[in-house]
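Okay, so chain A shows up in both of these, paired with chain B first and chain C after.
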Partner chain A sequence: LDYQHVQVPFEITLWIMLASLAKIGFHLYNKLPSVVPESCLLIFVGLIMGGIIYGLNDRSPPVMDSDIFFLYLLPPIVLDAGYFMPSRPFFENIGTILLYAVVGTIWNVFGIGFSLYGICQVKAFRLQDVSLLHNLLFGSLIAAVDPVAVLAVFEEIHVNEKLHILVFGESLLNDAVTVVLYKLFRSFCEMPTIKSMDVFAGVGKFFVVGLGGVLVGLSFGFTAAFTTRFTKDIRVIEPLFVFLYSYLSYLTAEMFHLSGIVAIISCAMGMKRYVEANISLKSHTTVKYFMKMWSSVSDTLIFIFLGVSTIGENHEWNWPYICFTVIFCLIWRALGVLVLTFFVNRFHVNTITSKDQFIIAYGGLRGAICFSLVFLLPDFHRKKLFIAATTVVILFTVFVQGMTIRPLVDLLAVKRKRESAPTVGEQIHIRFLDHLLAGIEDISGHWGQYYWKDKLEYFNSKYLQKILLREYDQPKSSIVLLYEKLERKHAIELAQAGQLGHGPAHPSFLCSAFLCSNSDRTVRTDQKLEDTLNPDVLDNMQEILARNLYRIRRTGPAYNRHTLPGDSEPTEQAKEILILRHKNL
Partner chain B sequence: LDYQHVQVPFEITLWIMLASLAKIGFHLYNKLPSVVPESCLLIFVGLIMGGIIYGLNDRSPPVMDSDIFFLYLLPPIVLDAGYFMPSRPFFENIGTILLYAVVGTIWNVFGIGFSLYGICQVKAFRLQDVSLLHNLLFGSLIAAVDPVAVLAVFEEIHVNEKLHILVFGESLLNDAVTVVLYKLFRSFCEMPTIKSMDVFAGVGKFFVVGLGGVLVGLSFGFTAAFTTRFTKDIRVIEPLFVFLYSYLSYLTAEMFHLSGIVAIISCAMGMKRYVEANISLKSHTTVKYFMKMWSSVSDTLIFIFLGVSTIGENHEWNWPYICFTVIFCLIWRALGVLVLTFFVNRFHVNTITSKDQFIIAYGGLRGAICFSLVFLLPDFHRKKLFIAATTVVILFTVFVQGMTIRPLVDLLAVKRKRESAPTVGEQIHIRFLDHLLAGIEDISGHWGQYYWKDKLEYFNSKYLQKILLREYDQPKSSIVLLYEKLERKHAIELAQAGQLGHGPAHPSFLCSAFLCSNSDRTVRTDQKLEDTLNPDVLDNMQEILARNLYRIRRTGPAYNRHTLPGDSEPTEQAKEILILRHKNL
Partner chain C sequence: GLLSREDFQRIPELAINPLGDRIINAFFPEGEDQVNFRGFMRTLAHFRPIEDNEKSKDQNGPEPLNSRSNKLHFAFRLYDLDKDDKISRDELLQVLRMMVGVNISDEQLGSIADRTIQEADQDGDSAISFAEFVKVLEKVDVEQKMSIRFLH
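Moving on, here comes the complex of A and B:
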């Protein structure tokens, strides 16, 4: 037996296996996931595992390594979040999200930090040795809402799209603020004196860290799109580039102390539309599937490790500090949401209702990021107290808030997500309204979101697409793509139901009499049809074919405000088809 | 800048990126891959990279770590090979393959070892300090044909299926022999005296290592199949199990000093048919795609690393030893193939031609396995000579043999692989003949391959399928599955060409007059058709529908020799359909 040799990959594989089997286990018993969020169950499994390890070895089980978390477990989840981010609601609410993420997080950090410092001044609690700076440092790590925890809970309760994107967007973008504040306070803790210059430099860093992350992400995203232009002959490694470039963007950003989360999200959002157009359909299925799979496993592992790491002797218990931490986290978040929403609602027609505000405040779950940050703290005599407080806050938010949020959403009758996807008709109308509003904004001289969106779209079709897309001569509108997707789905359903009319291996009588739209049989078919249908029906049919079907497949460019609808292309093509068809007859 | 923090994942990602970009680069210039095999080009890139690293640092570039090779790079390639192994030619030729792999490898090991020892006795070459045991140890690592190198070359030259499986199967299965002989001689080298018991124990180990690998692999494979029975509600992690279980089988086998390669191949071949039936279509696409992608990247990395590791000061040059190694490798392999094939041909009707024999002997490429094994040797004073000789043999086989094998195949007019896949009709006939031969063998009392195949199939349908498949009530014959696959492909093609007849969003006139096989429109359609087609055509059509289409979809069980064809099911169902159809009209 040579266990040493295979230990590392063997144990990693076993942990992943445990996570996957736990996931299967929950879903076998159908009622469980609808009552308790999966994250709670996974932490519970982790607690049991930790208890077993503790019981067998009689020492604390290994805690989740912060490096493993930040380098290997977090990126897949954030990549998945960025790649599948619904871009429309995100950009529509970007202002509100940034306000929550930046101002809200700063508010929480200082609110929690200062009030905990206040608690520390009470002599009866015996906490006078915790300085203001340490309290602020603790505030900076406990204030950040965690995207992994938010995603795990909000994916299951199906609130309306706007509410979801507000909480989720905030949890993603506050990373830049958290990184800056955490590093700032940590370096302050180690400095003998703090100059006012350092504070100003800290404020400047917000922009560097956030915008730097966006820049790194976008440049890697566009490089990825450019690379997939050349993969036509070697389809099999296409999915790889999506993962490699986004991971590189994350690592590069981390290397330069920028926000890795912001970088990987920008990378994913930047590359998505170009990569999708360049790679094959199967590659795309693989990319989507693997992203989901990977993030799902990472997510599971994080919660199990959270549970395992909770067990042990790393904790210093102090009732007042821990209880007040939980209370302040709740109070400051609620206050922050109320105040910020008050301002947001004054400038928007589509206001955030008080129910929504409650869910935003209540949905501020903490998770593994806080946990990893608290373990990364430099050693000082109260570190174990901070670890205990962080663990309690995480468990409280995930268990209590996570489990009660679904009944609360039901009770308050919060607006839910619509069940069905919008139809093609609706999408066309939405796009039409966008163009109309862009035109109105242009005329009225107001540079609103529609104006910028339109400008961006123009820049995209004029320059970016030409560089990044393989087949620029055929840019497809997303509606045409949707139509194609629906038709493909429909065809597969037909084939699976055995109603396609004729199998490829059986060109029997059926095929010619029944379906007859396969191109190489068109001639034979048309002759048969001519026998059975009267000529004017045939004419009518051809006219409709030439007018409807072909056009729909070709109207892509007409949706763009910058190409005139009078372009001769579509009609010419329709004529060509008609001529071709006549020749065949 | 904090490079230390992200170094490990960053460098790994960069290496993979380099490998992928190199692959794209070769395929951009179309003529290159048709002249030079990709493996040669990749080694060349590696040589350049190694040269650059050597030039910049002025010391040997890092050599490929044997652990990294055996634990991370080799498993994906072997998994891919096992999963996509054409099982029919493999099992038809299993006897020949085993003969080549076991007897042939032993023949080569001892042949090369003893003749090199003879060379060492020549005083002029100054090699007298290399003992017989060391020569045999060297023979055991240099004799093994490498699956990675063979795959890289043979995938491009498209020889006929039998020839391909003979060389490739041998390269996979000789792993068990190589592992045993290599470890045996290595332990002999460290022992003071060798007892005859040890030699006999070594012979017994062949069976333990090989059959143990098969057992470990099959048990993990069946567990994987069993697990995928329960993933219906959580499709997204289905592909994971395929990878996890096969990797675990490899690691477990390695842990117990069994053959990991044999284990992972058995696992993949054992689980394939059950997993495919259990998981969703998209999961399966992902599994296939990711396996190909992963093995392709591993393969690329191995050849690049081979190139990089060649550069440096690890070599001790000795002309006679190195030249004679290359010559003996060629001669002993050629002799071995000739002798073994002579015996094989005496017992087979379908003989191996002398052209095929030449290609089998010439296609015995050495690769990264030898290279990793030679670095794993215990330190002794002539290790650098062995490293040099191994490197030369690998480069010689990959470059000289790899580049000339394609022209030779053309020159000798070796039978090529047929371009098109067999049609459904051919497959039905092949299966029919199988059953016929099984019957003949049964009657004549000869326990040949058809007899065993049939027994295995019976065991499978009687016990295994019931345990491992989710929906056992509907077992599908592989021909029905193929038919469904073809029909699905056809449907997608129709949809992409825009000839499905009607889009899901446009139930226009076209749909009812043209296609009309969608189930919810059957009624309306049939009425329309009745107007335009005369009644007897319609009757004829329905008859054909009831007779052909429905039957083909349901005849699955009838292919099994153990269910009587007189089972009432299919006809009853056809009647039901007919009645249903009449009611609709």
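Moving on, here comes the complex of A and C:
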């Protein structure tokens, strides 16, 4: 038995296997994911595993190594998020997102740090040796909202796209601020005296970190796009380039002490457009699937490790400090959101409602990043206290906030809507208005409002596309291109579309037989009016309409952890509409 | 400084909007193929959100373009192609056919259209007049729905 030889890969594979089996297990119970978010269940499994290991070995189970987390587990998740990020809502809201990410995080850090310092001054708690700097350091690592946790919870509560992108974008971008503040305070801890020059250097460093990350990411992204221009003959390794370049950008940024998360996001967003145009369809599917797979595995592993690492002897319990940490996290986040939203709403026509604000504030979950950062702290005598406090905060936010956010969202939504069932006419007219508004929004959105977007488009078409794309010929309008694409792929369906209106053509329309017989009944014109009064026919109608009215273009989040985008009915619907319009032209 | 229909048709989302053609036509004044900036703005002005402080001032002046009544009138005009101030059964059928998938037969669509007219019709002329249209939508928050959300 040669266990030593294979030990490391064997154990790694076993952990991943455990994670995947746990995931299957949850989805077997249909009701469970709707009540308890997946992240909670995974932590729970981790806790059990940790307990088992502790019981067996009677020593603390392996703590999640910060290096493993930052170098191996975090990049896939962030890459997945950045690649599938819907860029239009992101850039439309970028001002608000940056405001929340930068100003909000700084507010939280200083707020939590100072108030905890105030608590430490109280003699009864026996905390006086925790200095202001330590508190600020702790504040800097606990204040940041964690993208992993936020993603895990938010995709199950189905909020509207704008809200989703705000919280999600904020959680991704506050990494730059967190990194700078954390390193700043840590270096301050080690310096004997602090001069004001150091503080200014810190502020300047923030810009360097953020912008440097973006630059690194973009340069790698464009290099990736350029490389894929030449891969026409070796299609098999195309997906590899996407992953290699993104990972390189992350590592390079970390090497220079820049923000790796921002780098990898900008790499993904920068290269997406060009790479997708250059690589083959199969490579494209491969890239998407692998990304989803890796990020899924990482996500699961992170939560399980979180659970495992909480068991053990790493903690020092000081109830006042811990309780006040949790309370202050909540309070300061709520205050921050309120104040910032007040400013944001002054400049925008479309305000962020108080319900939205509540969700933003309540959805500020902390997760594994805080956990890893606290383990990276230099060893001083109060480190275990911080570890304990961080663990409690993370568990609290993930379990309590994660589990209750969905019922709260439903509760708040239910209170607003107290309509009776809409009549058939109302339903049609409302949908009509929705389509109208969607069209007007698209028109106004595209014409001149976004000066920089136009500039970017110009720059793109004049220079970038020539360099980065293999086949550059886009003189036709996009509607023609889209139509050609569909026509090329589905010539047969177009022929079938010539027989529109002669009865249901889709075999998947389950009730077609039933409704066919119904429609035979209503063919005779003199019977029509009486039949429309028949409640059965009315129910049918509502059902037909609900099923068949075209949806307006999506208003829900376009990013989902578990499914690939673009795989669902909107594309079918778009096809049908285009075919119909072609017929009418 | 003039827009033509082709300029609108270049917007990809508009191509897959079922009402795309009618929306584009709404921008162009009667019989013309070009619209200038003022006309463009006039049409878009219907979709400005109604602000609270506007409701009280200027009661005696002309109604602003983004009032509830004018918003609804804009929508009404998209239905009513022959501009007789009534949505007839045929016009309703045309719009329904545009909005609904290929699975519905003409008979079903016809009965849906009949039901719609029947619910709304109060003066018995088997068509929906503007007043009846307004009444159908009285419970709907049109001011909210028909305002452009500038996500800026």
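Everything below uses one rule, namely that the second predicted complex is superposed on the first by the 437 of 585 C-alpha atoms of A that agree within 3 Å, B and C clash if a C-alpha of one lies under 4 Å from a C-alpha of the other, contacts with A are read in each partner's own complex, and residues count from 1 in each chain.
Operating definition for what follows: a residue touches a chain if its C-beta (ideal position, glycine included) is under 8 Å from a C-beta of that chain, and two chains touch if they have at least 3 such contacts.
These figures come from a predicted structure and were not determined experimentally.
Undergrad: Touching A:Phe226 in the superposition: chain B (first), chain C (second), both, neither?
TA: neither
Undergrad: Under the stated touch criterion, which partner chain does A:Lys162 make contact with: chain B (first), chain C (second), both, or neither?
TA: second
Undergrad: Is A:His435 touching anything from chain B or chain C once the two structures are fitted on A? First, second, both or neither.
TA: second
Undergrad: First (chain B), second (chain C), both or neither: which does A:Phe10 touch?
TA: A:Phe10: touches chain B, not chain C.
Undergrad: In the superposed arrangement, does A:His27 touch chain B (first), chain C (second), both or neither?
TA: After superposing on A, A:His27 lies in contact with chain B but is clear of chain C.
Undergrad: Return first, second, both or neither, reflecting whether A:Phe44 touches chain B, chain C, both chains, or no partner chain.
TA: neither
Undergrad: With both complexes superposed on chain A, which partner does A:Thr285 reach: first (chain B), second (chain C), both or neither?
TA: first
Undergrad: Is A:Tyr458 touching anything from chain B or chain C once the two structures are fitted on A? First, second, both or neither.
TA: In the superposition, A:Tyr458 contacts neither chain B nor chain C.
Undergrad: Give one of first, second, both or neither to describe whether A:Val424 is in contact with chain B, with chain C, with both, or with none.
TA: both
Undergrad: Does chain A have more residues touched by chain B or by chain C?
TA: B
Undergrad: Of all the chain A residues, which ones make contact with chain B and with chain C?
TA: In chain A, positions 423-425, 483, 497, 500-501, 503-506, 509, 515-516, 518-519, 532, 537, 541, 544-545, 548-550, 553 sit in both the chain B and chain C interfaces.
Undergrad: Within their complex, state which residues of chain A touch chain C.
TA: 89, 92-93, 95, 162, 347-350, 419, 423-426, 428-444, 446, 449, 477-479, 482-483, 497, 500-506, 509, 512, 515-516, 518-519, 522-523, 528-529, 531-532, 537-538, 541, 544-545, 548-550, 553, 573-574, 576-578, 580-581, 584
Undergrad: Along chain B, where are the residues that touch chain A in the complex?
TA: That would be residues 1-3, 5-6, 8-10, 13-14, 16-17, 20-21, 23-24, 27-28, 30, 67, 71-72, 227, 230-231, 233-234, 236-237, 239-241, 244, 247-248, 251-252, 254-257, 282-283, 285-286, 289-290, 292-293, 296-297, 423-425, 483-484, 486-492, 494-501, 503-506, 508-510, 513-519, 532-533, 537, 540-541, 544-545, 548-550, 552-553 of chain B.
Undergrad: Going by the contact rule set out above, which residues of chain C touch chain A in the complex?
TA: Within the complex, chain C touches chain A at residues 6, 8-21, 23, 44, 47, 49, 75, 78-79, 95-108, 110-112, 114-116, 118-120, 133, 136-137, 139-140, 142, 145-146, 148-152.
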